[in-house]
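Right, I'll just put the structure down here and ask away after.
The letters A, B, C and D name the chains in turn, as written, and every chain counts its residues from 1.
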Amino acid sequence: MTGAAHSKLVSMQQAISEHVPSGSSVLMGAELEQMIPFSAGHEIIRQGRRDLTLVGPISDILFDQMIGAGCVSRVMAAWVGNASAGVGYCFRRAVERAIPNAIETVDYTNFTLAMALHAAALGVPFLPTYAALGSDLLKSNGNLCEFISPVNEDRLIAVRALQPDVAIVPVQRADAAGNSHLWGNLGVAIDGARASRKVIVVAEEIVAPEVIASDPNRTLIPGFLVAAVVHEPWGAHPSPVQGYYGRDHAFFAEYHEQSRNQEDFERWLERWVLKTPSRVEYIMQLGNARTADLRTREHAFTAPADFGF
Amino acid sequence: MTGAAHSKLVSMQQAISEHVPSGSSVLMGAELEQMIPFSAGHEIIRQGRRDLTLVGPISDILFDQMIGAGCVSRVMAAWVGNASAGVGYCFRRAVERAIPNAIETVDYTNFTLAMALHAAALGVPFLPTYAALGSDLLKSNGNLCEFISPVNEDRLIAVRALQPDVAIVPVQRADAAGNSHLWGNLGVAIDGARASRKVIVVAEEIVAPEVIASDPNRTLIPGFLVAAVVHEPWGAHPSPVQGYYGRDHAFFAEYHEQSRNQEDFERWLERWVLKTPSRVEYIMQLGNARTADLRTREHAFTAPADFGF
Amino acid sequence: MVAAAAREIRDGELVFVGMRLPMIAFALAKRTHAPRATGLFENGIIRDTPAPALLYTMGDPPNLFQATFCGDMISVMSLLQQGRVNVGFLGAAEVDRFGNLNTTWGRRNGQTVRLPGSGGACDIAGLSQRTVVILAHDRERLVARVGYITSPGNGDGAGWRRARGLPARSGPSAIITTMGVLRFGEDGEAFLASVHPGIRVEEALSNTGWPLRVADNLEVTPDPSEDELRVIREIDPDHFWTKT
Amino acid sequence: MVAAAAREIRDGELVFVGMRLPMIAFALAKRTHAPRATGLFENGIIRDTPAPALLYTMGDPPNLFQATFCGDMISVMSLLQQGRVNVGFLGAAEVDRFGNLNTTWGRRNGQTVRLPGSGGACDIAGLSQRTVVILAHDRERLVARVGYITSPGNGDGAGWRRARGLPARSGPSAIITTMGVLRFGEDGEAFLASVHPGIRVEEALSNTGWPLRVADNLEVTPDPSEDELRVIREIDPDHFWTKT
């Protein structure tokens, strides 16, 4: 009689195995530089998925890794690289020289990609915007087309709705039914979760339903949208999770150096992905000193809000 | 060097006097049944404003009162009445018999009104929707017009952007610069504040900037959008403010009975608005027993989120 | 009437709950046969547990306490536009033989009266997979044709919704009255599917503003169960919503 | 270069801050002459106090701590589309004589190279009232015409932006390089407005990929003040962003 939903808790291996087949379009990196689902991406690489379409505004180095590992045939993004160090070498190799395979790029701007997901989240076939007018992006991205406003004479871009097959969204905490609290900069995570056919939530912590329900304004992903919940502490490393751990800047710099050519990248991949069967081994390899250094020490808790009556 | 903004704190009298001239379009009731800015509406009545356009999805009884007091020439709304008791008699008298004056109604649905404000908040001239297709609203509301989607053959409604002159938005707490925390059901408050040329925030509590900044995800109205901050405890009575006080159902029922005819309504208005110069006197008239009964007793505080690093 | 309305909700469904009577029908369903239904409210609330107290409006503080989600109107109504909402629940002032609703311009004693308007009703009737309407059964409310379509039903018959551009998987499903339950035929017209216990068919027909068709297999609406009556008494002890 | 860039921000302005170098220019302005400027970040952050630590990316945890607002990308970028943003701050791989930016398809040693793409740059360049670009000054970066317009400047000259549909009150305002500051004439073309101390005009011209016009009243960019240098050392003690 309480309506308590069944648990959706599964391992990362199960979640990827069940919900991310080859050929899927996958939204990742929706929270931009925060909370990038590296552990999910690594599991996708380990399971040998191919022919994926990656969707995300800026991807930092996760897209680069998945491209280098040969999982990807198409990228729909505004920016692919390394936010603190510059270009992504695997991305360049794939686009310029088809190493390890050719990929198609569908170039968006951040705002137009956000609007594409917002359109799908709203349930409309397109949304209008002034962004990207005058850009050569319009020549190559068929999902952005000019039209004249039906209410005035303005020229606008119609951004076609984009519905990924699955969104993989890291959150700070969730209950077993997938009701999720996330905070900080949200990027396109909310629209992305609503736009996608399925949602995999990757949570730093699993908490009781009452904890989540204590603050329904922070429950940005309600459980009824969620297909699977993965409890994966440190799942976003080397990207940060506000209140849990900081950004491992050195890791991004090291990756930059170690991915300049394909052989070095493959060594990197072997070490950090293929030979580390799960996030537990990955964190062990990272070492206690490094995780201790990254872990949030200066806590800064939010002022409470009262939902009493 | 800290960038601390100057205080925008003013009395309700000053806020209305300065920012709500006759002829304005005014968004109120953006949070639907919660946090209706009754004290602001009453001050508008006392200052004798005329020819206002009221904008809001459902208005509960505030719009009815302002119409009965003769302040209004136009209503852009989805629903005007008394949410727990039924019709609004002043609204009916004005529309049916031009008492105290004729008013124009521009009928929206909740969703299309929300989309009109969302369009203005996004900065686009219109937004598309499937809502209201097939409704006779389309015949009389020129801000809803059918068109064919530029990306497929679907028939859609273009909802024209709506930019009120001023939004009056009650919030639970704000700092003196107008950075505001609000929680609970948000209705069209966020888009409404962003859509409007000016925003008046009506806060139950004024708190230190650090309290607001402790939870930037709850700062749904940033201070740079705000023209005036009014500290007005009980400013939303008889509507509820989550965590502060409940809904005074009896007050709504009493108003329903006491507004059946214009003479009774004018007595009601005299008693609760014209002869109570400010909210302080209004609350005294309400009486301690009633406010004690309405005040939130069972507190239910949100689980903290950590913004540390 | 409330019990019959509540039974239109199936367990696990996403239910868009309109103002006033639909709130009590949803509360009843939630506490009886549909504990895993999720309620969506246009003010921005979603909840999958029953509210801990009687609601006079959907914005009453108990409806926010331990809610599944609180946010803005668009974030809830867009679920409707995405086609995710299984059933939308509405009250109305007038409904016609094709299930069109009028809550904008009514007639009382031959006079035109201004009603409150759509609220979210038009959005819900347009975009829910199934729309269920609750209202009192008399000739002023069940009319041959509404003078004003606030919220679209089947328009003037089969095919009308698609021609207007409304989603394929949407439309009126049932009208729950104080006398019985009406459902819709292939041609988009309402027929009497069941009468409530103690109501004669003729009574229902003579209180309907058009020649109401009657189902071949007309049923008697099952009595509210003990359980349903107990829950109604629990959640509305002062009979604010359930006067009958 | 960073000091010159920071001076483009006026106190009290809404500033859209792009990735990488613009972050440090904004941090500098905020701690010197523009304490009441507000920074907007495309990932969903708005802040009107300086971040308490050096940022490598705009999503670094110190940028969220005690922020004015955290939300989604659209809620920040829509302020841009509303025309509220006074100045947008960008880095770029290539800029041309009309201020068009390319960060999509570059050329290095005669080879086509794939660059990361627009990110938010195209949105910012299209919709900010003034756009300021920061980049190193050489002939591979300051080119006559970009091969690909990622982010629109003045297109091929005056009137082009309006013809494309871009807002009337928008467009490129300055290009801050390692050698000087370029501004834009009525005809939409960039000219050299100042050279940094120690840089000869000829040096700037010979490192520009088109015949760069020089202002009649060419100035020497003021040296960074003691205050500016002190703040730069404070916020970037390891010279991650400010190598020069």
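Going forward, a contact is a pair of C-beta atoms (placed from the backbone, for glycine too) under 8 Å apart; a residue touches a chain by one contact, two chains touch by 3 or more.
Because the structure is a prediction, the values reported are computed rather than measured.
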| item | value |
| --- | --- |
| Farthest chain (mean CA position) relative to chain D | C |
| Between the pairs B-D and B-C, the one where more C-beta pairs touch | B-C |
| Between chain D and chain B, distance of the C-alpha-averaged centres to the nearest whole Å | 40 |
| Separation of mean Cα positions, chain D and chain A [Å, integer] | 27 |
| Centroid distance [mean C-alpha coordinates] between chain B and chain A, Å | 37 |
| Set of chain D residues in contact with two or more other chains | 45, 60-61, 64-66, 70-71, 74, 80-81 |
| For chain B, residues contacting two or more additional chains | 122-124, 129-130, 154, 156, 183-184, 186, 190, 214, 217, 240, 242, 246, 296, 300, 307-309 |
| Arrangement of touching chains [line / ring / star / complete / other] | other |
| Pairs of chains, among all present, that meet the touch criterion | A-B, A-C, A-D, B-C, B-D |
| In the complex with chain A, residue positions of chain B that touch it | 122-130, 145, 147, 149-152, 154, 156, 158, 160, 172, 181, 183-184, 186, 207, 211-212, 214-215, 217-218, 240, 242-244, 246, 296-309 |
| Residue ranges of chain B in contact with chain C within the complex | 31-34, 57-58, 60, 77-81, 83-84, 86-88, 91-92, 95-96, 105, 107-112, 114-115, 118, 129-137, 146, 154-156, 183-191, 239-240, 242, 246-247, 249, 252, 296, 300 |
| Complex contacts: residues of chain B adjacent to chain D | 1-3, 5, 120-124, 179, 190, 194, 210, 213-214, 216-217, 219-220, 222-224, 307-309 |
| Touch list for chain D against partner chain A, complex | 19-20, 41-45, 56-61, 64-66, 70-74, 77, 80-81, 104, 111-123, 126-127, 148-152, 155, 160-161, 164-167 |
| Complex interface listing, chain C residues touching chain A | 14, 30-31, 35-38, 45-46, 48-50, 53, 60-62, 64-71, 74-75, 78-83 |
